[in-house]
Each structure stands twice: as C-alpha cells, then as structure tokens.
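Okay, so subunit A shows up in both of these, paired with subunit B first and subunit C after.
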Partner chain A sequence: MSIAFPSEEWVTAFFTAINESPEYKEGGKPWTYGVTALVVNPQPEIGLTEAYGIWLDLHEGVCREAHHCTVEEAQTAPFCIFGDYARWKQVIHKELEPVKGMMQGKLKLKGNLQIIVRNVKAAQALVTCATRVPTRFLDEP
Partner chain B sequence: MGGYVGRYLEVDLAHGVISELPVSDETRRKYLGGSGLAAYLFFLRGKHTADPLGPDNDLFVLTGPISGTLVPGSSRFAVAARSPLTGIWGEGSCGGDFAPALKRCGVDGLVFVGQSPTPVMLVLDGGEVQLRDATDLWGLDTYETTDRLRETMAGKKRPSVLSIGPAGENLVRFAAIANNKHDFVGRTGMGAVMGSKRLKAVVCRGEGTVPIADPVAYKAICKELLAKISQSVPAQALKEMGTDSAMDLGMMIGDIPIANWSRGEDFELSNALSGPTMSETYLKRGLACYACPIACRREVEVPDGPYKMAVGPGPEYETCAAFGTMLAQKDLAGVIKSNEWCNRYGVDSISAGCTIAWAYDCFSKGLLTLEDTGGIPLEFGDVDGAIAMLHKIARREGIGDLLAEGSRGAARRLGRGSEELTAEIKGLEIPMHDPRGSHGLALSYMTSYRGACHKAHLVEAIEHGLAGYTDVGLEENYDGLTSEGKAPMVRIGEDLGVPLNALALCEFEMWCYQFDELVRAIRAVTGWADYSVEEYRRTGERLWLLKRSLNNLMGVTRDDDRLPLKIRTPVPDGAAAGLVPDEALLLREYYEERGLDERGRPLRAVLEQAGLAEVGAALHRES
Partner chain C sequence: MTYDSSLSFIFMNTTRVVFGSGSSRDVREEVRALGCSRALIVTDAVLASRTDVPGRIEKTLGDSCAGVFSDVVPDSGVHIVDAGAAFARERGADCIVSVGGGSAIDTAKGIAIVLKEGGSLRDYEGFQVLKRPQTPHVAIPTTAGTGSEVTYVAVIKDHEAHQKLLFGDYNIIPNTALLDPDLTVGLPPHLTAATGMDAMSHAVEAIHSQQNEPIADGLALHAIRLIREFLPRAVADGNDLVARGQMLIASNMAGAAFSNAQVGLVHAIAHTVGARYGVHHGLANSIVMPHVVRFNAAEVAGTYRPVAAALGVAVDGLTDEACAELVAERLSDLCARTGLPQTLSSQGVPESALPELAEATLADASIIYNGRTVLGADELLEVYRAAF
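And now, the complex of A and B:
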C-alpha cells in the first residue's frame, strides 16, 4: 500500500529504508557532518499549505533519527535542501540527481557545498532508499 | 563603434616590418573578433595548405569586442593558425590579463607572418611597438621568461607577458602559449607555431581604455551580470573548488576517463584527486582572471616531499584527470608537479597527459619496452614515469621525440598495433570528459572544428545540466547516456557557444547568463542597438560553417568524423558500463541538421544563406 509524500508515515518508512540499505551503509560511511534536512516548499493547490521539513540525523552510514519538522527547525541543521514538490518528485523518480539538481539551481542548498560535492555517492544512495518507499504523490489521482 | 580600440597590426617577422591591417566595421560585426575574425582572415589569405611549422602559416592573436571591458568574464583572447598537431584549423583561447593589456596599447589584434631568422619578441609599451632581440631568453621556461621580462621592464605598471617555453622552441606539436604563469593557450599546438617563427614572447603594457558606446546601459548590465554570478551554484563550486569541482560528480555520471579510457569508475581515485581534497591539502588561495568574480584558478604549495613545489599555479580538472585518473595514480602532489612542468615547458596538459597515458598503455602491453623508454618504467599507478616523459618531450630527447608528435603521430610512427590504443579525433586527443557518458558530447567531439574539443561549444555544460538555456529551443534535462535526438541540442550548443571565442567571453560566466543578457551587454559595449539573440545565433552558425569549410579545404571528410576504437569499446563499470554512443545515428541526424553533404562539406546553399558565398564557391570549386 502506497504512502503519501510527504507525511509522517513516509518519513518513518524512509528511515527504515535507509537503515536497511547496504548501499547507504557503504556510501554514507564518510558522512560525519551532521543532520541533513529536506524541505518541500508549500504548494496549496495540492494540499501542501505550508513547507514540510524532513529531519535526517545521518552519521557514518546510519540514520540515527528521522522526523517531520518545521521549516524553522530544518534551517538549524548544518545542511538544508529546499525544493518544490515537483522537484522532489523528480528526485524520488530518479529523474533528477540531487547534487546535479543543486548545481542547476533546481534544489537550493544551505550548507557547505564542498562537503556535498564530496559526498555524491551518499546522496545517490539516499535517493535509492527513497525509491524503495512505495510512494503516492499528492498531485496524482 | 565601442568595444574595439581600432587597430590590428601585421608583424612581418622575416623582414622586421610592422604595419596596420585594416578590418572594416562590417567585417567586425559579421565575425566579431577572436577566433571568428581569425578564421575569416585565414580564409582570405588562402594559405590553408601551408606547412603548419613553415613560414607561410600565419599566427593570429586576436581579442574580441568584449575583451578588456568590465563585463564579467571579459579577460579572454584567442590564438589561431593551422595546427601542427592536427593539420587542420587550430585555435586556443586564454584568460589572464593579456587581452586587456593589448587593448590598453591601442591594439585589438596581431597577425604574425613569416619566420624570424633569430629569436625575437614583440614589445608594446605605451604607444611604441617594437621587435626586439630575444636570444638571451631562448631556452628559458615560461616562468623564467615571465620573471625576466617583468624585471627588465619594471615600472609603475607590470607588463603582461605571452611566452613559449622549451616545448614551443623545440616544436613539440602540442606546445602551448603562456600568459604570465597561470593561464595558457593550451590546445592544438599554437606554441609550436610561435616557436617555428622564433617568436619567444609578446609583452604589453599600456594606459589606454576600451571605448564603451552606451556607458549607462553598460554599467547597468555589468551590475546585473555580477548579481547573476553571485547566485549561481556552479560559479560557487568553481570559486570554492576550482574546475576540479568536476571530479566527484563526474565520477558518478561516467565522465572521468581512467587508465587510458579502459575503466569507468574508481571513487578512491576521484576522492584523492578532487577539488575538496585540493582545498584541504595544498591550496593556498583562489585567483581570478581580469574582471572575473568567479576566481576559479588555484594557487597551491607542496611544502615537502618528492613533488615539492613553491607557491605557484595549481592544476585544473583536466590536468588532475590527465595526470591522475588517466594514469590510475592518486597522488595529487604528483599531479601538481606534473602541472608545474607542463606550465614551465609550455605544453597542453591534456594532449601531454593523453599521449603519456597512451605510452603507459603501450608499455603495459609490451609495445614499448624499457629500451624504448630509456630505462624508465611507465606503469599505471605511478606518476614518476609521466614526469620523466615530460622532461624528454620538451627536449625531444629519446622517446620524447616520438611522444612530442602527439598520440596520433607517435602511434603512426611506432606502429606495432599501438594505433588502437589512441583516443583522438582528427589528431586532437579527447579531453577529460568521457563521451561514453555523454553521447551529445561524443557527437560534438566527432564534428568539432578543432578535433575532439569540449570548449568550442556549450554542449558539455548543457548535457551535464550545468547551464540551462530553455528560451532558445533547448530542453530542461538531457540524459547523457542516450544518442537519440541529440543533434538539435548539439547544433544549438555549437551555434550559441562558438561566438564566445570570438567575443571573447569566458564560458564559465556564460553558464550564469541567459543569451538575452549577453546580447544586452554586446549592445551596450558596441553600440549595435539592433543586435539580437537571433543575430548572435546566426553568427555562431556562420563561424561554425566557416571553420568546418576551412577544414574541408585542408582535407577533412566525413571519414574523419568518427570515434576511436577506445571509445567504441564500452567500459566495464560505472554509470556508462556497457554503453557506447551510436555513432551512425548521431552523425546521420547531425548531417541533416547542419546541411552537410556525403563528403562532410556544408552544402553550398547553406553557406550562401549564412553569408559565406565566397567560401562556398571556394569549397565546391575544389571538388
């Protein structure tokens, strides 16, 4: 049964997918730089009346904690990536590689770009984990 | 007309005579300047069969209307001639400070003809232009030459120096030209052309200004463009990590060549050689070309060890790959040392690294032996052999004399099946972006007028998503691993990218702009009030067709538009594993898109429509 993105259930499923992923365990091992927060920009016409934050406490290939957060809390994280709903959908569909998306300005990064560029493998592994969550998108029937 | 300072000089090196070369306003608008104007003047002179290292191969050093203004990215100039490496159209462009310095001397461009009987240099100082003896500079490397000339011409203002090193003097076919120490006219061997003329250096120092047609509009557009650059993430990546910011992401997408094009993925290598690693280890600071806020140049220091280097210019991404991943070696200090020698000797680090990697491959397969190499092992994983080869290449000593011919020339001379280990197109070694990961780039390599070139167009940036120009018929996203439908993108990327080397504007700035913004800058500088994106694009098409036609006149046919065996062989790993570009499909679609005939020549009607009727008559007459 598919899970609405974004939602608390989706965040929980994503957390599980990350920690069950051998690719992330390997690819995310160098990551010791702290929390990465993802922010979906508001889009009222599909029911997303305010920005939705996803807090990911990632460390050495493990997700220690994940929860829904406000955009204010998300911005306190060392890395915060903002994107429109359509862009996150492209990322989850593997149509937009996230680091490439940041370089193209389709996703906005608040955080150290050098560290992100250095850890493209971890970013790719995270996306693979997201594709394993059976996802229902709000703009689809 | 703004942007131009009004004088082109022809320098007859055989007779020591300097004269003015008239160029009409109409010609400047049609060909702009830089390598565009160079191509037109080359065509008019009719010397396309000249020996590239002989007295009749004229050497063009030209700025463009944007050069030397404060439009961000306006540091550049172009050098062009028949290439001694490829035998076809050769050109290179360069940042630094030479272009504004030349314009401050009241000169838009220089054309060098003939050969001097002894080493000389051209000095433009204030209002004076003189040929002076350079015998005591001959044999010095580019850093030594620059330091010596700055010492002898010490004054209130530091001169800008163009020079060749021993590689150019010894006619190494991929010799480069240095601007001071940091910036180079790298590709296609323009340094060897300069060396064949015994022209050691060109030195400029002046106080003039570049006229601006509409100062109010100019100030406004410059401010807008600076704001665009400050918001650009690719510009930020270049500023923080240099061009070597390409290494990590490139390894993800199958962009990085490894071990002479034989593998597709090795994250240990990319991590060891990347921009962030350089920042953490050897980087002292970033440096900028004239009028550039991006500052992608690296200044580095290796304080100790076998590759010790005092504070000085650091390697670009191309060199980090050519002397790093292509040799499957991960010592970044070794890459920095290799870069230093490429700079000092004055060689194109791409062609040098690729030719040396070819030699490594030959050695691994027993096609070259220790006897051939003078006892120096050439083993993947090791950089010392490469550094030893650089010394030999620059001096044309032992095997260096073979390698100085470039990989195509060396393989032809060596034989033994070594031709199958090269990766060149029309004699120019493929740059450090694997076309098996970017099929549009593969097409532009096959058809580009320099040979395998990633800079004479915007295809790399468009296909990799570093630049998006959706208001000119391009899509938002391209998949590098497919060949279908790439021809229109490549054509647009070429038509929009080619004029940059005529203007001359840095491509990295163009990644941040849209074309209507660039056109507004051109209008403000030149005063061409009706200049449009459409005219800009038609100019790009005209310049591409002109250079293609010159190549046809120099013997290029459809048979030369091909990928080498190395690239027709898939890599076993990485994002592009198992895939190769569909050469036949790409070319079929492109030939139709461009209007090329079965021999690879632009159709006469296409040339006439582009304002190149005389070129069409010459090209189709000779058939």
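And now, the complex of A and C:
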C-alpha cells in the first residue's frame, strides 16, 4: 500500500527507512551538525494548502526523531531546504540530485552548503531511503 | 564535444555588459538607467589609497554619489559587509557601484543583500533563499580574472567563526558590468598574469564540469582563445589597451560560463591551499590546472579536444588522450611565458602538509562538479604531489 507524500504516515515510514538503512548508517556517520528540515512549498491545486515541514533530527548515522512541523519551526533548524512539490518528487525519483538542485535554485538551502557537500554521501543515502518508502504523489491519480 | 538526450540545464546571464575604453565614464547614466540616484561606491583600501580609480568614479557620479566605502580587504568579512550596509543606509544610498577585484564585487553583493533585507549578512547564508531582486548593483572590475561581475555567488568570511560563507543566489548577480580597459592598465604584470590564469581556469573548469552545456561551453571556448592570444600581450605591455580589453571580455565570458556550468577540482584545490597557506587564488589555479587536466583525462579525455583546438593545437589525427596532454602542456607553457611560478612548493606549501590538504580538499563544494568523480584523498594526493 502506498503512502501519500507528504503526510505524517510518510514521515514515519521515512524515519523507519532511514534507521533500517545500512547505507545511511555508514554514510551518515560523520553527520553531527544538527537538524535538517525539509519544506514542501504549498500547492493548493493538489490539496497542499500550507507549506509542509519535515523535521529530521539526524546524528551519526541515526535518525533520532522525525516529525511533521510548521514552516516556522523548520526555519529554526540549522539546515532548512525548501522546494516545490514537483522538485521533491524529482528528488524522490532520483531525477534531481539535491546539491545540484540547490545550486541551480530548484531547491533553496538555508544553511552552510560546504557542510552539506562534505556529507554528500549522507545526503545521497537519505534520498535512497526516500525511494524505499512506497509513495503516492498527490498530483497523480 | 558531445551532448546526449539527457542534456538538461538552466542558463542564467542577466548582467547588462557595457564594454569600451572609457566606458566607466557612463556610470552615472547606468545608475540612473536602473532607476537610482544615490550610489555607494564600494572599493578596497589599496585601490583607494594607491590609485585614483575610485576617485575618478566618484567624480563622474557627481551628486549621484552617496559616499565611498573603502574598507574592503582580501577575504572580506561579514562584519565589513554589515558595516558597509550601515554606512550605505546612513548615506541614503539606493544602489551600489563596486570598483575593484573579486573581493570588492563580492562585498558589494553582500551589502546589496543587507541594504535590501536588513539584519546581518549571516542571516542569509545559503543558496537561492532570497525572494526578490536585491539592491541594484553596477560592477566595475579593475582586474581581468574573477568574472565576479556576472556570477551569482559571493564568498565572504566569517572571521569570528573562521569560516568562509557561501552566498549563492540569482538575485545577487550584478545588474550592470562596466568593462573599461583603461582601469586595468595599472595592474602589475604578475597580477595581470595570475588573474588572467584565474579566468583561464574558469573557462577550462566550466568545460570539464559534469554540468557543462553548449551555451557555457561556447563562452568558455572563446574565452580560452582570447586568453591564449591576449594574456601574454597584456603581461608584456600593461598599456596595450586592446589586450587589456580582450582580457576583460574573456574574464567576463569565462565568468558567465562557470557561473552556470560550475567549477571543479582546480578550484577545490586552490580554495584549500589559499585558506591554509595564503596562496593567491589565480596563481594556485594556474599551478594545479595542468595536473588536474591529466588527472581528469583518465576518464574524460574527449572533453579536452575542443580545448586543445582553442589553445591552437592542430587536433586532427590526434587521440583524445594526446589532446588532453597537449592542453596540460600548453597551459604550463602559458604560465611559463607569463612568468608565473609552477609549483606549490615555491608558494610555501610544505610537502608534509600534502596528505592533510588532500583530505581537506574533499570537503570543498567545487569538487562535486569535477569531470572525473573524485573517489578519495589518495587520488588527490597524487595530483598534489604532481603540482608540488
């Protein structure tokens, strides 16, 4: 059964996928830089009337906590990545590499890009985890 | 140069470019064309104290000049940007005119943000987070190298945290660039050579980037042709206005190329040795570039065939590998002809530091676009040793 993205169920499934991932356990080991928040920009025509924040407390290869958050809360995280729905969909489909997306303005990063780049393996492993969540997209029938 | 059906890119080049001997005398009109009337000049302390260039721009602006902020230093800092923005606000400035090299132009990009958005520059660290056009900015480069007058990135140091902060946003690309060869005639030969090779590295890196694309490639290849022909002339005779002008154009084209296609391993190494040992950025680029070409050639030798042609090599009948080797040799020759040192050891980098430098280079953002994917510090150590 597929899970709608974004939703609290999806965030829970993503949390599980991260913590079950050997790739993230290894690739995310150097990450000690605090919370990364993801924000899906609103898109009312697909039912996303408000920005949807995902709070990921990542530390040394483990996701200690994941929950839905407001955009205001998301912006308190040391790293906050914003994107339109279509862009996040491309990330989950591995059609858009997040760091390249940030540099091209397809995603927006609030935070230190150098730290993200230094941990690019962790970022790639996170994307792999997202692909493992059976996802239903709101703009698809 | 081949592109396949997966080619997909965004090309941004929004700067109005005004070129010509004496074009800086149009600064007042260009400021007004942006709908502004009070321009803050942002320049560096050395240029302001040792040349009359900022003074000439101030005089040309006349009553459209809100003041001169000349506190920019190499490796400009967040505190300098914040002070500049406060000064601009106090003087009622509604636009920025930057005069100088990369540090002055990058500082001005930062001031443009803080003047528009308020707070401190630290609040805007990140990529593409700005939601609207920033304070209008006219850039007047006095070196031909950085291409900063057309790029979307500013590098500003947080001196308290001992960190270089990256600000990347299409909203900070300067609105206008005035390329006036007259303003570069005073640049001494060694700086002319080092900044010129910086421009060359932007062009070569744009082409061997994983994000290369036809528009940026076209700009980069012509930049290479211009630099090959005119850099030795500009170094030999600083008053050669034709050579100075063509170098400004080459720097601008290479800047537009790498601002879109990005840079690679050459810059990752130059940033690292610059931060640790203070090696001049353009000089560091010129030292390591031939060695990075050889390193990349193991996987993307074909990339260098058009570069070789642009450097004057008759490429017909040559293998891609031979073209790449000739590119490396021609780049070394150009350095030698312009009097640039060609080893890291000559710049005070100790051999014992190479392993640590190789490790540190892996963390530089530029590395992710390098034509050949870097798999580990061991590979980089070989490049460092070759450049030592």
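Methods note: the second predicted complex is superposed on the first by the 141 of 141 C-alpha atoms of A that agree within 3 Å, B and C clash if a C-alpha of one lies under 4 Å from a C-alpha of the other, contacts with A are read in each partner's own complex, and residues count from 1 in each chain.
Keep this in mind: contacts are C-beta pairs under 8 Å (C-beta built on N, C-alpha and C of every residue); 3 or more make two chains touch, one makes a residue touch a chain.
This one's a predicted model, so the numbers in the text were calculated from it and none came from an experiment.
Undergrad: Clash or fit: subunit B against subunit C, after overlaying the two structures on subunit A?
TA: Subunit B/subunit C on subunit A - steric clash.
Undergrad: Thinking of the overlay built on chain A, is A:99 touched by subunit B (first), by subunit C (second), by both, or by neither?
TA: Both partners.
Undergrad: Looking at A:51, would you say it contacts subunit B, subunit C, both, or neither? Reply first, second, both or neither.
TA: In the superposition, A:51 contacts neither subunit B nor subunit C.
Undergrad: Mind working out whether A:110 is in touch with subunit B, subunit C, both or neither, as first, second, both or neither?
TA: second
Undergrad: Of the two partner chains, subunit B (first) and subunit C (second), which one does A:138 touch, if any: first, second, both, or neither?
TA: A:138 contacts neither subunit B nor subunit C.
Undergrad: Between subunit B and subunit C, whom does A:124 touch in the aligned arrangement: first, second, both, or neither?
TA: After superposition on chain A, A:124 lies in contact with subunit B alone.
Undergrad: If the two structures are placed on top of each other, which part of subunit C overlaps subunit B: 7-15, 61-69, 79-87 or 115-123?
TA: After superposing on chain A, the clashing stretch of subunit C is 7-15.
Undergrad: Same subunit A residues contacting subunit B and subunit C, which ones?
TA: Subunit A residues touching both partners: 99-100, 102-105, 109, 113-114, 117-118, 120.
Undergrad: Under the stated contact criterion, what part of subunit B meets subunit A in this complex?
TA: Against subunit A, the touching part of subunit B is residues 231-234, 236-237, 240-241, 245, 248-249, 251-253, 267, 271, 274-276, 279, 464-466, 468, 477.
Undergrad: In the complex of these two chains, what residues of subunit A are touching subunit B?
TA: 95-97, 99-100, 102-105, 109, 113-115, 117-118, 120-121, 124
Undergrad: Would you mind writing out the residues of subunit A in touch with subunit C in their complex?
TA: Residues of subunit A touching subunit C: 82, 99-100, 102-114, 117-118, 120.
Undergrad: For subunit C, which residues count as touching subunit A in their complex?
TA: Residues 10, 125-129, 163-166, 168-170, 211, 262, 362-365, 367-368 of subunit C touch subunit A in their complex.
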